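Before anything else, here's the structure in question.
A, B and C are the chain letters, set down in written order, and residue numbers restart from 1 in every chain.
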Amino acid sequence: MNHKIEIENLNAWFGSKQVLRDITMKIKENMVTAIIGPSGCGKTTLIRCLNRMHELTPGAKVTGRVLLGGGDIYGEGVDPVTVRRKIGMVFQKPNPFPMMSIYDNTVAGLKLNGVSDKHRLDETVEKSLKAAHLWDEVKADLEKSGASLSGGQQQRLCIARALAIEPEVILMDEPTSALDPTAASKIEQLIRVLAQDYTVIIVTHNMQQAARVSDCTALLYLGKLVEYGSTKDIFENPKSELTEKYITGEFG
Amino acid sequence: MISLTYLALIAALIPLVSILAETILRGLSAMSFSFFIEEIPPLGEPGGGIGPAIQGTLIVVALASSIGVPIGVFSGIYLAEFGQARMASVARFLNDVLTNVPSIVLGIFGWTLVVVAIGWSIIAGAIALAIMMIPIVTRTTEEAIRLVPATMREAAIALGVPKWKTTLTVVLSSAKKGIATGILLSVARISGETAPLLLTILGSRFWFSGFTQPTAALPVAVFNFSQSPFRLVDWPRAWGASLILILIILAINIIVRYATREKYGATNI
Amino acid sequence: MRTREKHPKFLSKLRSISKGKLSGDSVFKIFVTLIACNVFIVLGLMFFQIIQNSWLSIQTYGVGFLVGKIWQPFPPNSSSLPSFGALPLIWGTLVTSAIALALGVPVSLGISLALSEFAPKRFSYVISFFVELLAAIPSVIYGLWGIFVLIPFLQVNVYPYLQASLGFLPIFQGTIRGPSVLTGGIVLAIMIIPTVSAISRDVFAAVPNSQREAIMALGATRWEKAKTVMSYGRSGVIGAIMLGLGRAMGETMAITMVIGNSFNMFSSFLEPGSTLASIIANEFTEASSPPVYISALMEVGLILLALAIVVNGIARLIIWRSTRKVREVGLI
């Protein structure tokens, strides 16, 4: 079993406030890894460190190494822009570009980076929307505005958009928390399918979702990695007392 | 007491109605096809038209905009994107100061800067108007860009689009309505300004003859005709020119207001 | 070296420029920063050039310029020097602005109260559109309307009655002329209404609803509620008034066309007068010689510029502080 991402001694700050403390873990390839924990434990910060988005906040700081395919994404001379093309992200609130059509939204990552070959774009649109389980619903009119879709459809559009740039890893920050249960469950099914071709890391505050969707789970508390293992083990046989307390709902 | 406040409303609307009505009524009487296309005769001489004044206004406003809009938009981008820096705060403050400079002083500045060097000219007028325009466009651009939700930027950045490209494509495109509004309103504003032009383009009776030559413009023509002792011939021309000027300005204002009205049932992300 | 320690980022950027490895982001930042510097250049150059051009006059007349009452570019006796003094201009500017405030502020406050407290919402939207239309009308058209519509109206229907009833006051004495200080003040009053009322409306809108609810719960009438809102937004309204003052002081064309352009220390508002702005508009293009003539006009411009900036600066400070107070105190 390959490790797609190896995190070594990752620390992160917002100004003087330390948010992540010495995180070390290895993410398995082609699996869904869930990051859970109470509010403020640092889970969103953790994945934002993985695609170098954390450092965009003024005053933010990161130390440690994150190895993707052997190379440290925080290495000297590494351009964050190239990192983000390999590690895609889907956000909590669906954010398609309202002034673009469904078509343009899907290939936004390609068009904005200079790809203009219509043939290639057409192919990518169909491939990505199919992979995001949205193709059948929108193929009739791809020129409609991206904002005219329902919440669940918008989120799948955002997933298609992320897939279009052919990343190796997909990060998802509470992707269903803004959606109704039906839409949410469609996305959960999609996530399981995506793991066949991609490595998926999903942050969720919904433990049942983590149990349903993920192969591995990591519990964060106050910026520290409390426990990390197969989902089955975490939920049925937690090693740490803190994990057990969280699972049983005693806090968070 | 409350009825007094409604009285205040009426007190403000009476001059508005009067100005518009008088301009339309008195201006219409001067209107004719030749009014638009013929040259300006000397004061007191009947006939002719104010063609050069219309042309002059269009040229000087276009020239001023071609200077003022790019500078204003990019300054606005600077303030929106890098606005936390100390230099940005100072620039924003000075920008506001610039909007408070009386228009006649801008005319003086245009004179010292350009007229002293190359004489009464369109360029001098365009620069004076551009200086009036830049702070307005800067401020409206900054506000329009700030309104773009951070989530939109994040979405583009997460796709591996560099920050500068995100700003120039996604952010600007999302803010373009607000930016265009600011530009149009500032164009309407400078079209009607007289004082900066009085001291720079001097005024003329003839068609455009070069960027370094004096020229006519509608507001200057209105002023000159109004000061003429030949009431029967020139005063109607002043009203005619005013009517054209006011129609241009009101048209721009109404278009902007209409285009930015709250659309019924708009869905926003 | 201390410089290297203090500015590591700047120096490394210089290093990458020299190595030719400049990122898109850096180029972009440098480009927009340079363009944004235009404001420093424009303001700096403006002050520099106006002061430089005024210097001859400042040197020649000194402080006397501010209190001098004679304006004689071409003295009758060709051997004596021209005299320039700006006091009647300052007087004219201040008086016309004061009249504008006295007439315009109550109307503006009435409008902003009507629109923010009393009128139904859709009505407010339409009415505020029209009030803003007042702001879109160019100054020169106000002037034209002033000359040919307002002045005849005032001369026949207002001034005679004004003089008949209040003629014992020196400010309403003297021959009734159309073009006059009072006419100028009236036109300015109309012109500042959009500014003062719009900002007052913003100030009133910033008053938290909890204040209105509190006073209504005590059984207040709508008018008493409005008074509460006004008193809460008091400093913001003062700021709005000062902005109106700044606007009135800087106004040129309309006032030039209706004030009569007579250089005198008028004592009656029915007399003609001049302002700092109007004399520049009238005489600048003809003032080719002597050199001190243009310099004197420049100095007039400098005084006007300084006044406008100071008044507007104070106004913005007051408004900023008042809205800050509302934000700090009023929000739950």
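Keep in mind that, in the parts below, contacts are C-beta pairs under 8 Å (C-beta built on N, C-alpha and C of every residue); 3 or more make two chains touch, one makes a residue touch a chain.
These numbers were taken from a predicted model, which means no experiment stands behind them.
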item: Chain contact topology (line, ring, star, complete or other); value: line
item: Closest chain to global C-alpha mean, per-chain Cα centroids; value: B
item: Centroid distance [mean C-alpha coordinates] between chain C and chain B, Å; value: 18
item: Gap in Å, rounded to a whole number, between the CA centres of chain B and chain A; value: 48
item: Rounded Å distance between chain A and chain C, as computed from the means of their C-alpha atoms; value: 55
item: Numbers and ranges of chain A residues touching at least 2 other chains; value: none
item: Sites on chain B at which at least two other chains make contact; value: 162, 165
item: For chain C, residues that touch 2 or more chains besides their own; value: 23
item: Contacting residues of chain B [partner chain A, same complex]; value: 84, 149, 151-152, 154-162, 165-166, 169-170, 173-174, 267-269
item: Residue ranges of chain C touching chain B (in the complex, touch as defined); value: 23-25, 27-29, 31-33, 35-40, 42-43, 45-46, 49-50, 53, 106-111, 113-115, 118, 127, 129-131, 133-134, 136-145, 147-149, 190, 193, 197, 222-223, 226, 246, 249-253, 257, 277, 280-281, 284-285, 298, 301, 304-305, 308-309, 312-313, 316
item: Residues of chain B that touch chain C when the two form their complex; value: 1-2, 4-9, 11-13, 15-16, 18-19, 22-23, 26, 70-71, 74-75, 77-79, 81-82, 87-88, 91, 94-98, 100-105, 107-109, 111-113, 131, 134-135, 138, 162-165, 167-168, 188-189, 191-195, 198-199, 202, 219, 222-223, 226-227, 235, 238-239, 242, 245-246, 249-250, 253, 257
item: Chain A - residues contacting chain B, complex; value: 51, 53, 56, 58, 81-85, 88-89, 91, 93-99, 108-109, 112-113, 147-148, 154, 158, 161-162, 165
